[in-house]
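My structure is below; once you've seen it, I'll send some questions.
Chains: A, B, C and D, in written order; residue numbering restarts at 1 for each.
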C-alpha cells in the first residue's frame, strides 16, 4: 500500500536538546565527521488505494496543523512512496 | 553544508504507540484518508566539507548503533542531501 | 461517574467561605493525571470544582477553568498537540478570548495545551538534560496582577513542585522581548533553571491577565503534609487569587 | 493463498489431532520436557492440537506454573495463625492479596520481577514491568495508588551498567509517571553478580472499598467474555512461531519480537475505564493479561469459575493479521484485560468502552460444560479441562543440598581476613570512612533516580524518598493510610539463605514501623538462579523456610508474590535475592515519622534504640574492601517486634519527631542520612555506647546489627519516651542532641563532619557515573 512520508524538523533557531546530546555522544563512539546533528520526526501515513491529489492535500494540511507546531518546527518534506 | 539524513522507523511488528495516538486523532480533525500512521525519527547530520565514502560509512554505522535501537527499530534510509 | 469524581477519597470538610459560590471547571482529557489534585485544590480554596470532559462542548457555566497536568494522548506526538483539538478546547478558547475573559489556568500539560491552542505564545520542548525531573522548585512571582496571581506579593518567592519531561519554554527573541517588556512573564525560576527555559521563564500570562500557564504545579502545594517536602502550601494562592478575582466584579 | 486460507490450512483441529496421533509436534522447542508432553497427552487422551500445545507449554512453564518452587511456597500458606488471617481478605493465589484496613477500606499490593526483558531492552523491559504489576492491581477491583521499584544492577563502573541504568530508570519513570502513580520508594544496589542479569522488580499498591473486590473467575451460564484494551500483536512470542508451517507462511514477519513495547497512555485509559466498570458493577469477573496472554486469562477465568467457557478466537482484534491461533493464545501484548459480563450489562459495558475510546471484542461466553473450548472460525482447536492448564501443571521436588562451599564461606570472617586488617580507628580515619561509605554506590543518594519519578501526583504522598517507607493517604476524611517498604540483602542471603531472607523481612518490617505504621502484610519477589542447580535450589528452599518462619513470629502473612528463577550468567547464579515488600497501616498519616530532624527540632535529644554487636561480615564496609564471607548479622525477631512497637507508639503518642532505622552502613550512615535529610546538624558521643555494648568506635559506627533505630525526642517527651522503652526492657541510650546552629555532624572526641562536604560526596556518585 502506498504511504505518504511527512518529515518534520525543529526550526534551525530552536535549540534541539536531543540533537545536541547526540552530537556530544558521537565522538565518544569514534564518529568524528559530524559537526551538527538535529533530530526530527518522520511520519508514514498509509493510504488504502491510490494517493489522489486530494489525499496528498489532506496530508499537507495535517502536516502543518497537527503533525508539526509552526512555533518550533518546520515541515521539510511531504512525499509519496510506493511499496 | 552537506547533510546526511538518517531515517529510523519502529519495526513493523512492534507496537507504535505514537502512531496509534495520531491515527486516532486524524479522523476527528477531518483527515480520513489514512488507515495507519507510524512515527519514526529523522536525523540530519551535518558534515563540514565533502561527504566521502568513509564518512557515509560512519553515518551508516552510527545509524545502526547509536541512532537506532535494533531491538525495536529499523534504519530505513541513509542518504546525502546537499543544500 | 464523572471523570474527576474521587471514588476512593473521602470528602473534605470544605472551608466555609463567602467565596464558595464560585464554580471552577477542571478539564479531563484521556491521559490527564492531575485532575483530582486540581479538584482538591479548588475545594481547599473554598470553591466548587466542576468536572469538564474533553469530548463535551458545554462549559457548564463555570466561572473559571483549570487545565491540569498529565500526558494527554500520551504526549506522543508533541505535548498537548492532540488535546488542543478537543471540542472542550474550542469552547475554552472562545470563552477566554470573549469579552467575559474567562480565567483559564494551564498547569504543565495544561500550559502546553494553551500554547498549542495559541492562547499563550511560545512552546515547550524537551528539558535540556533530556530527563524527566521531579523536584521542589523555587519560583518568583513576576506579575501579581493576573486572575491567578493577585494574592501573591510582587517578587514573592514560592516553592512548588516541578515535574515534567518537556518543560523547556521556547519562543523567538521578539516574542521573548515582548513578554518581558509587557510584564507578561508571570513566574520565573529562581536559583537554578531546571530545564533550559528561555530567560528562566516558568510561566506566562496573556495580555488581559485571564489566561495563565506555567510548568510547575501549584495544586501539589495546597495541603500541609503533602506538598513540597511534605510541608509546603505555597500553591494555594493561585486558587484563592481566582476566587478574589471573581468576587472583585469580573464575574 | 490469501491470509485466511493460509490460516485455514495451518489449522490443527481437535478432530484432526484425534485422527493423526503420530504427527510430530515441536514440544521440546516450546520448552516442554518429554515427561511433561506425555502428561499432556495423558490428560487429553490424545495428542494436543497446535493451539493446545501452545497453551500447555506457556502455562506449564516455570514462570507460570511455579513448578520448582510450588512445594516450598506452600509454607507461606501453611505457617499462618488465625491471628494472621484476621485482616487477610484475599490470600495467595489471586492476582494480588487483599488486606483489610478498617473503615470499609481494603488495600492490595504485589511485587513482581521483569528481569530478563530489562536485560534485552532496558527501557521497554522495565516499563512493561510497571505496566504488568499495575494491571494485577486493577484486576482486583482496586484503584492503583503508588508504585515502587527495587533494582539491582552490575558494577557501577561497568559500561553496560550505564545502558541498563539509563534505560530502566527512564522506562520505569516513563511508564509510571504517565499513569499518574507516585513512585514512593525502592532500592538500588550495584554488585557485579548482577552484571549479566540485572534485577528489576516492580511493586504496585491499590486501594478499594470492601464491596469492590473483584476476583478472576468466569461464572454464570451465558455470561459474555470480552477482551478489551490494546490489540493483540506478536509481542513476546518468539518461541511460538515454531508452530506455524514454514512453507506456506511467507507472508509473516520473519521474526516475532521477543520485546514487548509498552503504551502507558493505553494503560492509563484502561485504569480509568476499569474503575468506571467497577463503579457501575458491570463486570462479574476480570483478569489482566500478562505472561501467557489469552491462554492464561481464559484458562484461569474458566477454572476459577463454576462452569466452562466457549471462545471464538477469530474475534480477537489483531495488530498483526498474520498471527496463527497458537500465537494469538501466547501473545504477551500489553495493556489488555479480559472480563466476564452478564448479558444485561453488555450495553452499559460498551458505553464505557466508547466513552474512553477503548477497543473491545466479544469472544464468547460462559458455559456449563466444565470445558474450555476455543474455536477458530467455528472449528474446535482447543477442548480442555481448564484446570489442567491453569492449575494442574507439573510440580517438581528438585534435589537440593547445602553447597560444599558454604562452610568455607562462613568461616572466612571479615575481621580475620586480609581485607579486615588495619581498620580505621582515629577520628580522622573514621570520618573519612563515613564519607567514603556515604559516597559508595550502594549508600549514596538515589536522587539521580528518584528525581526522574513523580512522587507527588495524586496529592496523597505523605512520605517518599529518602524516607524509610513510602506513605500514602487512603482516606482524606480520616487520614487513614498505608506505608510500604521493600528490602533485600543479597550478600547476607548468600552467606546464610535462611537468615538472610529473615533479615530482608526484618528490615522491611523495621522500615515500615520506623515511619510509624503497623506492619500488616508481606509480598515477596524471590530472585534466584537455576532451580536445576542443587546449590541454588537449597538457597531457595532455605530462603522460603526462613521467610515463612519469620512471618509467623512477626505475625505478618505473605499475601502474594512472585518467583523469578534462572537468574544467572552461564552457570554463575546471582546472589540469592529475596525482595520483601512490607505493607503497614497508619490510622492517620499526619502522624507519620520522617527520617530526619528539621531545624525546629533544635535541642531535641537523639536516642539509639537496640544493641550493637560486632557484626561486620557481609556489611557495606566489608563490601567496600571487597570482602564477602562469614555470617550475616544475627536475626532477632522478638527485638524487631519490640522496637517496632516502641516506634509505632512513640509516633502515635507524639513522643518523637523523627526516626531512622539502622541498616546498611550502620549507625554512621544513619546519623549522616538524618542530618542530611533537612541539612540540620547534631552533636553525639559514642562513649556510653562503646562502654555498654563493649565495642570500639569503629564497630559502633559501622556494624550492621539489627533491631536498631535512632529517634529524635523533644525535651518534654524524654521521660515518657525513656519510660516506655525501659518498661519494654528495650535498650535505649541517649547519644546526643540536634543542633540547628551547627552545619556539621559532630561525633565528640572523634570528628566534626561538615554537612556540605558530606552532601557533596553523598550526591555526586550517581551523576558522576551516569551524567
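The rule we apply is simple: a contact is a pair of C-beta atoms (placed from the backbone, for glycine too) under 8 Å apart; a residue touches a chain by one contact, two chains touch by 3 or more.
What you are looking at is a predicted structure, and each value in this text was computed from that prediction instead of being measured.
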Could you let me know which interface, B-D or B-C, is made of more C-beta pairs in contact? B-D
Separation of mean Cα positions, subunit D and subunit B [Å, integer]: 37
On a C-alpha centroid basis, what's the spacing between subunit A and subunit B, in Å? 8
Approximately how many whole Å separate the CA-defined centres of subunit A and subunit D? 40
Name the residues of subunit D that each touch 2 or more other chains. 263-266, 357
Quick one: which residues in subunit A touch 2 or more of the other chains? 66-67
In subunit C, what residues contact two or more other chains? 73-74, 76-77, 82, 85
Every touching pair of chains is listed here as A-B, A-C, B-C, B-D, C-D
Contact footprint of subunit C on subunit B as seen in their complex: 17-18, 21-22, 24-25, 28-29, 39
Can you list the subunit B residues touching subunit A in their complex? 1, 4, 7-9, 19, 22, 25-26, 29, 31-48, 54-55, 58-59, 61-62, 65-67
Given the complex with subunit C, which residues does subunit A contribute to the contact? 10, 13-18, 20-21, 66-67, 69, 71-72
For a test of understanding, state which residues of subunit C touch subunit D in their complex under the given definition. 1, 3, 6-12, 30-31, 33-34, 36-37, 40, 55, 70-71, 73-76, 131-135, 161, 163, 165, 217, 219-220, 222-223, 225-226, 229-230
Subunit D residues touching subunit C - in the complex, by the definition given at the top: 143, 145, 170, 173-174, 177-180, 207-209, 263-266, 268-269, 272, 275-276, 279-280, 355-357, 450-463, 473-478, 589-590, 594, 678
